[in-house]
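Dropping the structures in below, format is structure tokens.
Note that subunit A is present in both complexes that follow, paired respectively with subunit B and with subunit C.
The block that comes next holds the complex of A and B.
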């Protein structure tokens, strides 16, 4: 394996995982590799158990989303013993960067459109009782083109700005309004901290969210509580 | 790895007593009694010099094995010991009452009855000696003392004790909580496990678990409950208690290791519990460090003097090109000096607690305090 291993380029180092850009199967198929390295401070048995569990649960969530038609990267290959997940390379930029550019250029229409799509995607996630767990503007990508097919005959086609959710490493299944509201709250905070005119923008996200599924009203109500006390539950009472 | 303060007489950070009686230096008396330790401390601040510990004494209420400490018993303990302890602190350090600038006491968080006993003593002294009162947040006391002793400038702080588990970083004049335990504190989990196994509470249950864990080698499966930068311990406690009961009774069958080759010992259980909960703590700390982009980590609180936790944190910090700062039991475990230190920092900014406001509270969040002595 080592002799034929595809070259990889480190693009992000988080607390838990290293993210590389590489290729999968063929040098023409770009892929993203998420590697959870061994943690020397952890007992080897515990380390192996956690790495396995996390790889598999992230993969499970990704495939579930895929099946439901929620835009996430496709999983190519998992080696849970080594802590590796190979997945589809999403060509595009994070919504954080895209928004900065759009706002700077005054492309109001496109911004509104993007906000609406974002609200709808998050709504679809929550409607199916999936919680992202780390829904920041860095973890939402916007892609302008998509590859149809993988191997021979694959073509790139232009699509209207499409919103893709990435990094479900902290995601989980949950029916609780609290968890969903915290997702929205984290997103709101991410908006407010990086985009000056964000308040109106985020309102567009919420409007789209609220109109997208039946349980949304209850989550919105819960969001008001979460805003009042912050993300942490108050220890009072 | 961990930086340990040296003996007070040889501490290189301690400056010669040149500023002994210059008017610029200030002295605070600190009274701490939020849990089962009663701590009295006297500290001197001289501009441009490290803080000087004049006295740091403590008396601990120890309950018999299998029992925790009840608020009413602890309150009685504090009431009976506070006068002799303050007298000793004054006489041992040769401090005159006239030299004291303020009286600092723990306002919270902590157990109600013990907090009240100490607050009463603080008010009485304030009236008797005509000195201003300063109510101090216990968590901020730990953080400030840790920073002063270790010299860590702007670290991510892991505060772990019997009542608190928080990952904290400083931003815009507040100590902000990035992650915390959502149910019981990690020290509480360890203490209660010690009760199940009838491990001695002398000098501290956590200390005895640490010693036993050194002899353990079999790692059993326990839940691992980290959620982002938060964690929880009650499920782990329930699980390990169940294993402990199986070990003690041998029912329904003797407790074996995962491979089924060896009978599990009490030491193995201590080892398992420590490895699991400390891994969780290191993980949430690492996530906070990645989040705020810091490579320094400071461990404070009673659980922070556990050397295995310090070692694990050191391995993590090394991988991130950083370092870990920790103190020993004199400053990690609840003490009066940290209350004096944090109180004096606030007092020098003009902060004072009037007699009417000199209450105490069981719930007092770390981020409620305006930290106006830092930029």
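The block that comes next holds the complex of A and C.
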């Protein structure tokens, strides 16, 4: 049967998901579609169960974050049996690209400001016992404008570089300092590998993080252990 | 003609959504009785428009209900039209959903939604004619400002457990949609 198929533009083919830019509801509402396709090598029943579970888990975390005022894309629609999540399209770039540009252009103050925001957002996540699970610099976006409303007064408003977390596919609820420390460690590694001059930068992230909630100190302590283990592991090769 | 016909994304073209909006409705209890009595001529989603915050809000509910129908997921209610009303709810209590979002004795502003499907094709003109004959009220355009004018924020606050919202904004709209999504994923 002919359907008004919304045009899809593949933007990423990951190991687990196909990610498209598309529209939801009406051609005027941009959306991101994250599709976890069937894995033919898995047992069909298990496959369906895993797909559903991952879709629902990502959706619940995204929705929980929004409820807490943590900037993440809003979920528009979920078809967990097909492995599809439609969510708010974030018009911006990854923090990695944005940092590249800022550093290249010597916009030091903006860089500092961005690092501070980054630390605060992660702190808010952890304060609420949410662990991102894959906190790399491609899973953090920065947007400079925001569409106000889905349809209601759909105008663009300028916002000051806002940090938005995406890709909570590996996220979970956890009260463990270890899990939170690993988030920070992953982020640190990502920063250092993409921005080798970033040691100071990441320090700014940590400073903001540490000042943002009560449990932060304990997580920072753990981070030292996690780093140590990471170093040992890389020495062992 | 003030009837609004929409083709939703990713829904087969044979499914059209007809929406007619009324204010100052005087015969809500008659209309409600037709629904309760299962009168086949009155297979509509009759939504109390005071609970609706934007055009997207009702369209999201329509999309959820029609999608369920198409993928053969079991509907929780009698038909796709009642499922639209249920889809507006932030929880799984069907009785409460109808009481809050469906037409009530005292409903003054009303959104009527009719789905035309391959099995039951119905044109915009037919829908409008029937509703004009049946609903005693003032027909309105279906757009952002007519919807906003009828929103009762105290009621929305109660229905979605949200405090202090007085007007539509991106955050409010997405918060409401978020609650509907959460119900659908349990």
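Quick note on the criterion: the second predicted complex is superposed on the first by the 227 of 237 C-alpha atoms of A that agree within 3 Å, B and C clash if a C-alpha of one lies under 4 Å from a C-alpha of the other, contacts with A are read in each partner's own complex, and residues count from 1 in each chain.
Please note the rule applied: a contact is a pair of C-beta atoms (placed from the backbone, for glycine too) under 8 Å apart; a residue touches a chain by one contact, two chains touch by 3 or more.
Computed from a prediction, not measured in an experiment: that's the story for all the values here.
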{"item": "Contacts of A:41 with subunit B and subunit C, given as first, second, both or neither", "value": "first"}
{"item": "Partner, of subunit C and subunit B, that touches more residues belonging to subunit A", "value": "C"}
{"item": "Partner chain(s) touched by A:67 [first = subunit B, second = subunit C, both, neither]", "value": "second"}
{"item": "Touched partner set for A:133, first subunit B, second subunit C, both or neither", "value": "first"}
{"item": "Subunit B versus subunit C as contact partner of A:93, first or second or both or neither", "value": "neither"}
{"item": "First (subunit B), second (subunit C), both or neither touched by A:26", "value": "second"}
{"item": "Subunit B - residues contacting subunit A, complex", "value": "177, 180, 182, 219, 221, 224, 227-228, 230, 258, 275-276, 279, 282-283, 286-287, 289-291, 311-313, 315-316, 319, 363, 365"}
{"item": "In the complex, subunit A residues that touch subunit C", "value": "1-6, 23-27, 29, 56, 59-60, 63, 66-67, 74-82, 88, 146-153"}
{"item": "For the subunit C and subunit A complex, residues of the former touching the latter", "value": "6-14, 53-56, 59-60, 63-64, 67, 71, 73, 118, 144, 148, 168-170, 173-175, 177-178, 181-182, 184-186"}
{"item": "Residues on subunit A engaged by subunit B in the complex (per definition of touch)", "value": "13-16, 39-43, 45-46, 49-50, 133-134, 170, 232-233, 235-236"}
